[in-house]
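Order of writing sets the chain letters: A, B and C. Residues in each chain are counted from 1.
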Amino acid sequence: MKKILIQLDTDPHPSSFDAITAYDSQVDVVLGFAEVSPENLDGIVQGAIFPRGPDGLANTAFWVGGSKVRDGEAVFEAAQKLFFGPFKPSIMLDSDGSNTTAAAAVALVRRAVKLKDNGAAVIGVGPVGLRTAELLRREGTEVTMLTFPPDTMKGSHRRASGIPVAEEAGFKVVEPESSDALDAALAGHVAVFAAGPAGTQILRRSGWAQEGVRVVVDYSAAEPVGVEGVDRTDDLEEEDDVLKLGALAVGAPKMKVQKRCVQRMFEEKGTVMNLEGIYDVALEVL
Amino acid sequence: MKKILIQLDTDPHPSSFDAITAYDSQVDVVLGFAEVSPENLDGIVQGAIFPRGPDGLANTAFWVGGSKVRDGEAVFEAAQKLFFGPFKPSIMLDSDGSNTTAAAAVALVRRAVKLKDNGAAVIGVGPVGLRTAELLRREGTEVTMLTFPPDTMKGSHRRASGIPVAEEAGFKVVEPESSDALDAALAGHVAVFAAGPAGTQILRRSGWAQEGVRVVVDYSAAEPVGVEGVDRTDDLEEEDDVLKLGALAVGAPKMKVQKRCVQRMFEEKGTVMNLEGIYDVALEVL
Amino acid sequence: MKKILIQLDTDPHPSSFDAITAYDSQVDVVLGFAEVSPENLDGIVQGAIFPRGPDGLANTAFWVGGSKVRDGEAVFEAAQKLFFGPFKPSIMLDSDGSNTTAAAAVALVRRAVKLKDNGAAVIGVGPVGLRTAELLRREGTEVTMLTFPPDTMKGSHRRASGIPVAEEAGFKVVEPESSDALDAALAGHVAVFAAGPAGTQILRRSGWAQEGVRVVVDYSAAEPVGVEGVDRTDDLEEEDDVLKLGALAVGAPKMKVQKRCVQRMFEEKGTVMNLEGIYDVALEVL
């Protein structure tokens, strides 16, 4: 029986990235659906869970994706509400790759420094930043979230809209008024994660090359990258006692995690690959 | 040469059910097209019949589907008008699964009771009801079609719109004014089929547990099911001399019929799987 | 690793013709995207070039298609601008099959008559006509392009809009005022190509059965065909010293060229199958 992956994608075109990754994870067939929302997914989900019966359903899984993470979360919740009894297939949420990206980065950092009972800082309250903070908290880290310093931002990129979401999730959000204030706020945090917008430097060298910081992570691959002095390919290179992890050095392990997550869904029916599940996989394979 | 199935689907998302069923029927590739109508199908159909030439076309077939049965019929007719000479591929119509569902149910009932020269009743003049009536007529049964009794319906579910279609197809349509009137109208019919809307009980126990009725079929799987006293999984269970056939007990044979129909299309080029063709398959495999 | 072809199609439904041809060219998976434009292709293209890394990208290729040739050209250019460094996959442009059709026809004619330093005429300044003219020029032929004579056209089919494009490409465009004038203008041209609209005869027998003409090609397969006295299946049949090439006799070699082009894209990463590249393949396989 063929392994079929149903792409529930919230964008006008289903993600080519997700489809190719699935085919590279031993999926036989990807059925891509575009513009999926909680309002229109009943037919797709029910049509996918019934034809093979409860046992055959082990070979059918769902992947919620697309560029809009909040929309993806809504689809992920709504789809699971249609599952019942033995009709519970595996399902994964990885809109914009944010879950696998955060999981890979935190798992890599965890191997390099002691997170438990130490402080960590996450700059950026968007989806990747928030997921990073959630995983750090799970590791027993005291997390500080910070918005981007206004003097680094062109236009309206401050993403203030993520602040209530982060606060609702229980995080303290600091809003530094300048890059100097950001530098000062980062002192003493063992790990610093920069989750900024593409093509914008949000953190200066002086922000991470200071007392107490042991690792700095940059999620942004587009030039100019997000952190001054961190190269995209830096793979925990040490400089001034700080380990530097660049975006491309996160990308390869992220692909490994993502593929393993897809495989896992077909190994055990009913697997729920949310942020927690994906992080468990990252801890195992990285 | 790969077996390619072209899904001509009238809905905004091509049916995941149909695609999965096709892959489970030894089809190699399903190409799903959404929002297909008689106005926009020329390019899809002509693009599919030409590239492999007349002989290769034995490995390309069409499946018309989607939730709207009337729209599917129009697409089914329009597509066939584009076939010509040796460019005549196989094609199947099964919008909403209505043809395979009705074919499976009537074929199962036919094995259990004598239909020829007996009376049968079909409650519901929607697509599944009408197809059921057509197959019963083919078996030499005297068919009465009935609308839903108003006291069972919440809202506007009477589906009166199907009445002219049923009458045009040559059926007598009875409109019982209450569940009592429905019960009375069913007396003496050897088989009673309940083709009602999902989640609505349209027939009471007193309607089928009466003189002359030998089998009762419920097409509705969602709770509450369509017929009081018939369980979804009843597979011709006998009670008070009546054989009860529930929706899930129709569903499994329906899948078997559907898969065999798909296979048949690739065994013989030019196969037309309309209601008649599908019923022939049902008689053979059930 | 599976060979994945990304269909960048400008139409509301991705071409079934292109998808089937790809599957018949040893492609494992076709991912079809509809309504692709320079404005919305970034996500599709970037999502496709990154997940497999530079080496794996040898197994991912792009095919730009759809019925609108100008739109396809814009997508073809825009997609290539997103390629960079080692992230340069293979890509092909064949909107409406115009490149492979012209390439096949000119390659067949080239084997039959001497093109270099002779005159050739192309009737029709649409995409297939223009591509034919470009390939003839590459062969050292002196090309005359001609519009359709008004007395053959019903309605507004003169396609005058193509004239500026043809002139910008460096071609002399003659606008004959009648079929008599067209006949006269064709005298002395060793090859005459009729690239007219479907179902319209644009050239009379007297136009090609005259001194100096050695081959006549008709691209139009729908009845009535484009050239009086040329049958769709004529495969360089000789009549009055003129070799006649009908549309279906172009179609089969065209399929051969198209399939070989797809295969070539997966043999060498970074292959650019524009008109030139496709013609090179045609010269090799025909």
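Everything that follows uses one rule, which is that a contact is a pair of C-beta atoms (placed from the backbone, for glycine too) under 8 Å apart; a residue touches a chain by one contact, two chains touch by 3 or more.
What you see is a predicted model; the values in this text were computed from it and never measured.
Taken together, the touching pairs cover every possible pairing of the chains.
Copies chain A and chain C of the same chain sequence form an interface built mainly from non-equivalent positions, shared numbers / all numbers used being under half. Taking only C-alpha atoms, you rotate chain A by 120 degrees to land it on chain B; that is to the nearest 5.
The distance from the centre of chain A to the centre of chain C, with each centre set as the mean of the Cα atoms, comes to 45 Å. The set of chain C residues that touch two or more partner chains is empty. Residue ranges on chain C touching chain B, taken from their complex, read 11-13, 15-21, 23-24, 30, 32, 67, 251-252, 255.
For chain C in complex with chain A, the touching residues are 1-2, 4, 6, 28-29, 31, 33, 36, 40, 43-48, 50-53, 56, 60.
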